[in-house]
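Several structures are given next for inspection.
What follows is subunit A paired twice: with subunit B in the first complex and subunit C in the second.
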Partner chain A sequence: MVADVSLFQQVSAVAHRSVTRTLRQRGLLVFPVLFPLILFAINGSALSAATHIHGFPVSNYRDFALALPFIQGALFVSISAGTDLARDVETGFFNRLALTPLRGSALLVGQLGGAFVVASIQSIVYLLVGIATGVGIRAGVGGAVVLLALSTLISFGFACLGCLIALRFGSGEAVQGIFPLLFVLVFLSSSSLPRNLIKTDWFREVATYNPVSYLIEGVRSLIITGWDGEALALGFGFAAALAVIALALAERAMRTRLVRT
Partner chain B sequence: MSRFLYVTKGVAWRSIHNTIVSPAILLPSIIFPLFFLVAFAGGLSRIADIPNFDYRPGYTAFQFVFVFLQSAAFGGVFTGFAVARDFDSGFARRLLLSAPQRSGIVAGYVIGALLRWFITGSVVTIAALIAGMNVFGSGIDLVGLLGLGIAMNFAAALWACGLAMFLRTEQAGALIQMPVFVLLFLAPVYVPVHLLTGWIHAVARYNPVTVALDAGRGLLAGSPIRVALAFALLAGAALVLAVFARRGLASAERAG
Partner chain C sequence: MSTSSPAIEVEQLVREFRKGPRAVDHIDLSVSPGEIYGFLGPNGAGKSTTVLMLTTLLPPTSGRATVGGYDVVKQGAQVRASIGAALQEAALDPILTGREHVNLQATLQGLAKADRKRRADELLERVGLTEAADRRVGGYSGGMKRRLDLALALVHRPRLLFLDEPTTGLDPQSRSAVWDEVARLAHDEGITVFLTTQYLEEADVLADRVGIIDLGRIVAEGTPAQLKAQIGSPSVEVTPVEQDAGERLAELLARFGELRQNGRGSVTVQLPGGESELAEVVRVLDQAGLRVELLQLHQPSLDDVFLAKTGRKLEGAGEEVEEEPAGRGRRLRRRGR
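Our next item is the complex of A and B:
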């Protein structure tokens, strides 16, 4: 009877559990949404003097800063997705699942369902808060939809990374431990100033080779430039590459984790 | 008095010993300020080119003072995490039972926070000097800056210890650090207060951290401003937070 359950049904069952668990832990929803917004509110005003720099692309720093909450939110999604999965490993839930005919890929994709819900909710909240504070989306309504799609893909990519860490190390502490590294990657990017306006040479070099710069610039282009094909291609390209690579590695790690003995 | 000192010494020694022998505790408290220094002083150095940015020692020095004081505050916050961890592990309850003078526990944690910050503060200072930070203040000015850091660390440690003792769980971590983080970032972090506009200007003007930050930047530049006010505010905060921490200890004692 169990063998008759399709892959889709398996994914749905695991996704339902993941989404329910996420929605029950309101702290997991509130903190990832609130913290980037606090930083947006502060930096959006505190760095407004940066718009006086010759060549700065916008006259209101909030327009420039709005891209950052989407990326910071994605980092929090990676931590919550990874921590949830690690908890399943730590509590022995995975060992019990290994006794069932559930497929590893179904379990992984289903687990990411909760992360997808958080990513979608927070992206919409960031966009609405941005618009409410006077940020205009240069690319229009269609651009806002693409922005939501890109930010959700970025969050999904980071969630896959969180799951990969959880599956490789099987510990929530290891997942939490990667957060500072991800945070550093965000700050060593073009998050605060456009790359061409970064004065310190080595910092500009690091930001140029840092893929996070292109994720931010992809999101930002829709807000401050309009339709910029190159920025969008790089943004979607790096986000998709992150998701595909992390998902493939996570799938491999899942197979090892669920090995039937 | 000797019993108080005995407990204080024991708790402080344990606190600093745990910090030094455990990289998982020591490294984040060093890496985070360093990373802020690099990200702000390196990534935002172009800010120094905007009209009316008039801090003579330059942008690295401007950011160093913020990161220096921030590391002092977070040295205190991290100690609050350690207190919460001690309650979660059951150690703090055993400590409460065995300590002959319990107020020495708070004093010990606070001194532990200070010793921990001396490590972080030294690393941040060395990093800033390597990055070419200009120091125009005299020796006395720099002692004043160090004093501001000590006072900031003292106040933050009392806040963090007090709250950790009230809540007695590691889950209090966000609640311990968030007000400190927000208060620090509502000060003129990136530009002097006169270059801020909008609501952040109004908030920063009345934020006590702004006074400490202005005093610290003035001392590093060799032209001290509002130093007495900064010390008075930090002393006042420490006094209030010492009462708060003592109440936190009393709450932990009642909880048993």
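Our next item is the complex of A and C:
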């Protein structure tokens, strides 16, 4: 009656739990979706004068601003994924799982299943709200699909980062502690202005070296430019690098945390 | 594992934490198949650390242990496959239902799909959670959580069960329900149970044999009856009406046996001659005209055993020690004693 459990079965079981948890906690879905949209509404109105700057790429600031919610949403995903895992460590649920034949990699990937659902839902909502408020996707329907793929990849990368912190420190507070840091990274990027229009030298330098700029510009290019190969390559490149590095480090942290004889 | 070989065998097991004392200090023990072994001690004595090592969740610093015939260091996967464990604090997900917990556990333990539902129904009924099975665990009482925890430990039909303080924080009714189930598992199904507890009564009622651990060392081991017999005689506790009569009371009772002054004038004296000496105690007090507020005969208890072996009462003994299970790691800190 007891058989070997395949990796796929293990991932599916953990992912099912993660998705179930996520869908039952409406707060995890509503606030990460709502907060970036509120900022989108404020920025779209308050910063609209920026479009008068010579060389600004669009005439409607909302077109420019729509990329930001996708990144902010990704930050929320990182916090919720990491907090969930940290809570498992804190409550001992992690020990319960460790006593089963569950593999660490299956636990990590399964845990990210919930993050994937949140990321997908919120990306679709941001896109629909943007379109409903008059934002056009210059890259067309295909571009919208690519945009969803890129934003989900970005969310996945940040979720891996959240899991890494959770596994490294085993504390929800530590995961939440990185949130302000990530937010600073977002604001020190090209989130509000194109890099070439940032007048303050140090800010422009920081934004240029800040990988978040390229994540935002990748998403934004599909909305305001169309098919921009360089922006997309950089966007996907940095997102994939974040995901791969954070996942590898999280996997290592999982092995350390899941020390079983 | 043959029926004659021990279900659990521990030799000179040690666990040290960085910058901390030895949480477990060269312990030896052996548990027979089908036996309920009670591991009794105050908070911070090393009970949970021992359980973590025996369940493969914490590598020993030195020593050797086999569980179900498998070495806990070299054959961890086989050990985990043969044991069920309900560790300290029922580790449950408040968002999931009881049935979802059992299903998750059954899947991860490799039960065939067709067997999962049947096993879930069977276990939930056994622990009295059939009606609550589809409710979220966040709404369960402490007793219900503990019973679900026990059901989860049994999903894959283990032959050995580790229960780390399974009734801590439960009301008497819930505690009794857990005791009944544990006794049934051992006596009807032949499951070996390794049970840690800080409750004397729990060890006394449930355990076939008891190991008493303090400061990481096993200070006594045997059946409850054997341990109590080591203490031998009953004792009588006398509390005078006037607290300042304690010294005089001690002088009067010294003739009977070993004395212990409990504070507020109260004195406990061993009665080597047995209960029959109680009448003489009353006569002596009466002749001396000493007014008594309370006179209580104590049969030897496991607390007396603990007191005799460590010089402290079990209740409150752990308050000098802080043990912090920090997720998968543990830190141990002791205040100066």
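The rule is simple: the second predicted complex is superposed on the first by the 257 of 261 C-alpha atoms of A that agree within 3 Å, B and C clash if a C-alpha of one lies under 4 Å from a C-alpha of the other, contacts with A are read in each partner's own complex, and residues count from 1 in each chain.
Following the convention adopted for this analysis, a contact is a pair of C-beta atoms (placed from the backbone, for glycine too) under 8 Å apart; a residue touches a chain by one contact, two chains touch by 3 or more.
All values derive from a computational prediction rather than experimental measurement.
Novice: For A:F187, is the partner it touches subunit B (first), subunit C (second), both, or none of the two (neither)?
Specialist: first
Novice: Which of the two partners, first being subunit B and second being subunit C, lies in contact with A:V125: first, second, both, or neither?
Specialist: Neither subunit B nor subunit C is touched by A:V125.
Novice: Once the structures are superposed on A, label A:F203 by its partner contacts, choosing first (subunit B), second (subunit C), both or neither.
Specialist: first
Novice: Name the contact category of A:A46: first (subunit B only), second (subunit C only), both, or neither.
Specialist: first
Novice: Pick one for A:C163: touches subunit B only (first), subunit C only (second), both, or neither.
Specialist: Neither partner.
Novice: Taking the superposition as given, does A:E90 touch the first partner, subunit B, the second, subunit C, both, or neither?
Specialist: second
Novice: Thinking of the overlay built on chain A, is A:A65 touched by subunit B (first), by subunit C (second), by both, or by neither?
Specialist: Neither partner.
Novice: Could you look at A:F31 and tell me whether it touches subunit B, subunit C, both or neither (first, second, both, neither)?
Specialist: Once the two structures are laid over each other on A, A:F31 reaches subunit B alone.
Novice: Can you pull the subunit A residues that subunit B and subunit C both touch?
Specialist: none
Novice: Note which residues of subunit A are touching subunit C in the complex, please.
Specialist: Subunit A residues touching subunit C: 1-5, 9-10, 13, 16-17, 20-21, 24-25, 88-102, 170, 257-261.
Novice: Within their complex, state which residues of subunit C touch subunit A.
Specialist: 55-59, 72-74, 76-77, 79-81, 83, 85, 87-89, 91-93, 95-96, 100, 104-105, 107-112, 115, 136, 152, 156-157, 325-329
Novice: Spell out the residues on subunit B that touch subunit A in their complex, using ranges where they run on.
Specialist: It is residues 24, 28, 31-32, 35-36, 38-39, 42-47, 49-51, 53, 174, 182, 185-186, 188-191, 195-201 of subunit B that touch subunit A.
Novice: For a test of understanding, state which residues of subunit A touch subunit B in their complex under the given definition.
Specialist: Of all residues in subunit A, those touching subunit B are 31, 38-39, 42, 45-50, 52-54, 177, 180, 183-184, 187-188, 191-193, 197-200, 202-203, 207.
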